[in-house]
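Across the two complexes that follow, chain A remains constant while its partner is chain B and subsequently chain C.
== the complex of A and B ==
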């Protein structure tokens, strides 16, 4: 993996952090949630076998799966589930245990609770002697923060022992180095950046891509918002040749983005235009008498972001918009950028949930300092339960000029020749418990004839 | 919280007739009277109802059409437009074809991961508004309809949790569906509140577990890994199981001959030894994934797919293969028909669980295997396939790659006409 994950403790993660997505991928190998998502993205039983709610959708009951054991041999009980969830959740949820299951009381109706439980960092764990144990398909054998994770198959995994005996995951490995490791047989599965797809394909390995699951967009900062209005954002958006970015920089891995959700998730993304219009961009630009220097920054640890930022600056210059491009400061200090280039993974294959999370980030990003928490709460209250509402919310966010979608990018993996049954969900992620390695084809054969 | 669907058992619509039906009805419905209950017709009604709630009825409308899915022919798109216009007329709107309109509405057919959407977009007071109606498309899968010996499939049951096997207990339309999941057997009888019985196990089940249902009258036998159980559909809950162990699975031949294989330790294949013949060499124990009985040249035989990737056909009593072939998948079954050699071997393809599988019928003649049907592509990998009792339709379980559901099919072989 490219990312350097700091912790394998489900309590210390936060999916909004920069390494949250990578952290979640690792945690899902060891820890499980009450609910999972099936192949169509619908909630399905995980550690809960069934559930029901009252008419107001504020009182939910979950039956806990019997016969499940944590990796230290402790049986999963409703009391342990409730204890874990109390540590996971904010104080607005009340969790209680009964003989057969747990109850969750919510202060407001939450029809999307099941998707929440299946995608947020609400892992079920059990703590004993300062160690945290999960119920997942693999248990931790060795952990070196930011460097290496070794997992072994959980022999008693309730859904069947994984086929793989042992997994070694190296962290913080540069993208090019990952491909070298694959070519030399030192790795079986590696991440591939879109701009390295062609090289990965030429190395005669299988390359598998998910649906586009990450949106790169420009977010106008509070500082930028003081200087530039929505018309200026429109000029910048019209100047960007998204198709060229996808075809050239991303080697056709991805889609131009005019909306916040991709077409496969929303079904209405095609209503948001993505084609450049340089003449129109120049025309709008002339409305601004001064020639300001727009400061664009990006996540310095993301090699894709650097490439994209440079290309955006080139396109902007064609319309008379001059940009300075730099990596964002690594620490939380004063930031003098007018626009951030942000890459954001969709955490759920659920349009409501994905957009909700995205808009909360947008609102929070644009709220100044002390008001961020308040804005986050307001953002979480946006009702997005119908396609029309989601469309209107996206339209408002984009027309407001505070966010400019650029491209949707898939997750891409290159597989070694022995990897079989690599079948992650369409929206990305891993299902390593289903994967097996064809180490020596036909080795088991002793048949006669 | 399983989600499952029981399909009515019925004969498949021939491809020719189905093509005609598709031409006139898919995916939108021209004749309201004939297909008023169809999902797409309902979506049209809902779209127009929502438009009616938002748009001034005095405005003259222009309706423009757009297909984002790329799946519609021009006549279909025009049929959709006509049905929308008819609905708009029915609630008092005037739709014009010339430039005298007050409001232009762009109607699009689109799709996302959940299904299809109808979208109507219009601009009013410089603000763009959208009406969106999601709906589940009507499934009119044409299946296979081949010349010569052809394969046909009949969808019986679909479930979002893994199915190991299924059986039809009874006859014709009155048969009841018995389903074997990883840990239990269930009778799909709503009036009996879906009776079920659990299968005992000491260790956790493996991920790639094998299971089979064998039916005789109203009795059934279950084999799951090394456990066997007996039950009766009249009282499924009373099913009795042997303690988990190394209970062999019995496979039956064309004239009720039998042979047995045992699930091999931690592997998902059987240890099986062909029966010694009068003058044949001492049979060797082999590891096989599937065993199916058939007749070759009027004599009973066993087809077995080995863990070495080869399928071999052995005489019912004899250890020397009559033929062997590589390149097939590991699941095989046999079907008795009135055509060709009388028995066909159904074989899957060597794909993994990320790929669409297909079934092809083969016959063995003069030591050579010959494909006698075109491959019938399924909607995902075949995770189990078993021979039917007495050479009847085989049973296949497919994991649909689009829906993620496990689908139970009867696989039939038809003769050319």
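== the complex of A and C ==
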């Protein structure tokens, strides 16, 4: 992995979007949730075997799977689940344990609670002697923050022991080096950035890509919103040649984004145009007598973000919009950017949940923590249950000029020749517990089981 | 009577006879000597009539020293100027050498860039890319990242792959620009494969950079693939230059429309205080020509650096960079400081040594002149027999010999003159004696002849004649005795015995002596009028001599008024002196009479001896006073005497006079002190006598 994960504690905080996503991928190998998603994206039993709720969908009851043990041998009990949930949840939820399960009381109806429980970082864990134990298919054998994670198969895993005996995951490895490692047989599975797919495809490796699950978009900051209105954002959006970005920079790995949700998720993305219109952009640009330098920043740890941001700036300049491009400060502090280039993963194949989560982030970003933002968030969460409403919500968000979608990007992995049954879900993920290795080609490979 | 000269008397009165000093000692009260102790008597100044005057010897030493200092200064200046000029030349030479080195390095680096770009163009990847892109359906998008792999292979900082239509296919430094045109490379008429490297302004995502760029073209069919590669010019390039000690190279990337301090760097990175070089760089930017300027970074002159700025142009002759070669002035400043310090030390030592040598040399040079001056002063003091011993044969020696000849001739002339004056004096005395004696002798002769004839008379007649004759003889003999007494008095002028004297009392006493004369029977009365200033201070004078002089003047006035009149006597004080005026209302004097009035034995009276006023003048002279007469025919006469309250050389006068009138019985009017200047009219009709000295003519008893 190119990310440098700091902690294997489910309650670790302060992660960036990219680090948080990578951390979640690692945590899913060790920890489990009450609910999981099946291959179609529907909620399926996880550590909870069944659930029920009242008519108002504010009172939920979950039955806990019996016979499950944490990696330290402790049996999974409703009390331990409730304790973990309480540590996970915000104060608006009330979790209580009973003999057979746990009960969750919500202050407002939440039909999508199951997807939330399946996709959010609501892992069930148990703390003992300052060590966190999970119930997942693998248990931690060695952990070096930001460098290395060694996992071994959990013999008592309730769904059956994984095929792979031992997993060694290197952190903070540059994309180029990952590919080299794969080519040299020092790794079995590596991440591949779009710019390396051509090289990867020229090697004797398999390249597997998910559906476009990450949206790169421009988010206008509150600071930028003071200077630029929706028309200015429209001019900027029209100036960007998204197809060129996808075809060239992303090496055709992805889709131009005119909407917040990709076509495969929403079904209406084609209604949002993505083609550039430089003349129109220039025309709108002329409405503004002056254009001060527009500060665009990006996540410095994301190799693709820099190139994307620079291309956006180059395109914008053709329309007379001058942008300065820089990496966002690594530490929390005052940010003087007018526009952020943000990459955001869709963690669930549910359009409603994905859009709600996205809009919450947008609203949170725009509200900058004020109380009105929370109210709008709650309002957004209950009004996206139909494609029409989601379309309208997306249209409102985009036309409001606060967000400019750029491209949808898939997760891409290159697999060594011995990897078998690599069958991650369409929306991304690893599912390494189902993977097995053909011992013949690379019996001595590091990641071999 | 005999004449005596005393040539050394002046020396005995406290004036030494060394060097020039005596030349200036003569003015007495008007001169004051100042000595600067360090160099002793050589460095002396004199206050002469209110002005400080340096001695000739000191002047000579001063000129010698000044000449030495000027010589040292000139040598120091010359060495400093020459050193500076040589250093400037050396600095220019070193700067040119460094600029040449930079150009060679630039050319060599350019060749390397050309080779590297050619290397990239000749790789299989590039060839395949060119072949692929030459196809009608060639897809350039898949090559967008190829520059990332190619540029590091050849250690290029910049690499652009440009398609046949000028569209950017891949860029190592700015891949986001893919698809945009790079028209300059497709311009016709350029054989890029035979073109050398050139400076180019490179646009980067976060700014601009300066590149040494080369282009190589890969041709497949009628399609071309342009490989544009370059290395960045900056501080890294400067590190390749071998810099002599005290020199450094700076590079300014002229990529901004105005001077940008951040674009100026040396091997250590951006230059602090880069603004100080803005004027030099702006000058190069404006003129496009090399320029030069000296920058002093702080108050220390040694911090100064001389910068030579050399412009660097791109293909289109646009100014893209400025190479600055800085040469520290520290060595020059240190060297100049050393030279100046050495100059000051040598100059100081030279001044000291020069002063000493100057004094020694000036002493040798001025010694003959000093001797001449001494001789001249001795001559002035009356020693006409002085001889100057100068053995040199130069002008000074000739002058000394002329001086000696002059004094010899003067002495001879003086002797002849004295002899002539003696004869004239004796003749005058003989004439006066004959005249004085002739008057009583004639009656004596007649009386004796009457007595002889009376023997033939009767006894009664004889007795009567005898009585008359004896009376006449007695009277004439008295006259003779009177004449002899006056001569005796004149010859016995004593030296003044100074004591405090009230001049008014002396006047009153003198007038009282002649009370009986004012109302003499048979003559109209003379009325005395005294206007005496009672605030007169006491003066130092000889009361007897003063009384005698005043009495003579009163008597002289009485004789001048046989028809009666008014005798007016006034006293007054004036700035350290007292004055007495004695006026009569007699017949007055002609200018000619005034001219000779104080000449001994000159008289306008029928029975006068001509010694009265001479005695008065002698007394006044002995008291360092002045006497003058103002008169006109028919208007009476006024004698005015001015006496110092305290004669400055009273003691000396006393000493001299005492010696002169000492035991040997010689006259006091001898030698230098006895010189009496001839009385000369100052302004008619007033006659003023400067009786500073006495006559050289002395009269014995």
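Assume the second predicted complex is superposed on the first by the 418 of 449 C-alpha atoms of A that agree within 3 Å, B and C clash if a C-alpha of one lies under 4 Å from a C-alpha of the other, contacts with A are read in each partner's own complex, and residues count from 1 in each chain.
Just so we're on the same page, a residue touches a chain if its C-beta (ideal position, glycine included) is under 8 Å from a C-beta of that chain, and two chains touch if they have at least 3 such contacts.
For clarity, every value in this text was computed on a predicted model and none was experimentally measured.
When the shared chain is aligned, no partner comes close enough to touch A:93: not chain B, not chain C. Contacts of A:162 after superposition on the shared chain: chain B is touched, whereas chain C is not. Using the contact criterion defined above for the overlaid structures, shared-chain residue A:288 touches neither chain B nor chain C, since it reaches no partner. In the superposition on chain A, contact of A:271 is made with chain B only, not with chain C. Looking at the shared chain after the overlay, A:143 reaches neither chain B nor chain C. Greater residue coverage of chain A by touch, when chain B is weighed against chain C, goes to B. Applying the stated touch rule to the two superposed structures, the chain B and chain C interfaces on chain A have no residue in common. Against chain C, the residues of chain A that register as touching in their complex are 195-196, 198-199, 241, 244, 247-249, 251-252, 307, 310-311, 313-314, 325-326. Across the complex, chain C meets chain A through its residues 141-142, 144-145, 148, 174-180, 205-206.
Every residue of chain B that touches chain A in the complex is listed here, in rising order: 1, 3, 68, 108, 110-114, 117, 119, 121, 128, 130-132, 134, 160, 203-209, 267, 274, 283-288, 304, 306-310, 312, 314, 319-321, 324, 352-354, 401, 403-404.
On the side of chain A, the complex with chain B involves touching residues 38-42, 44-45, 49-51, 155-163, 211, 263-268, 270-271, 349, 351, 386-388, 391-392, 395, 420-423, 426, 433-434, 441-442, 444-449.
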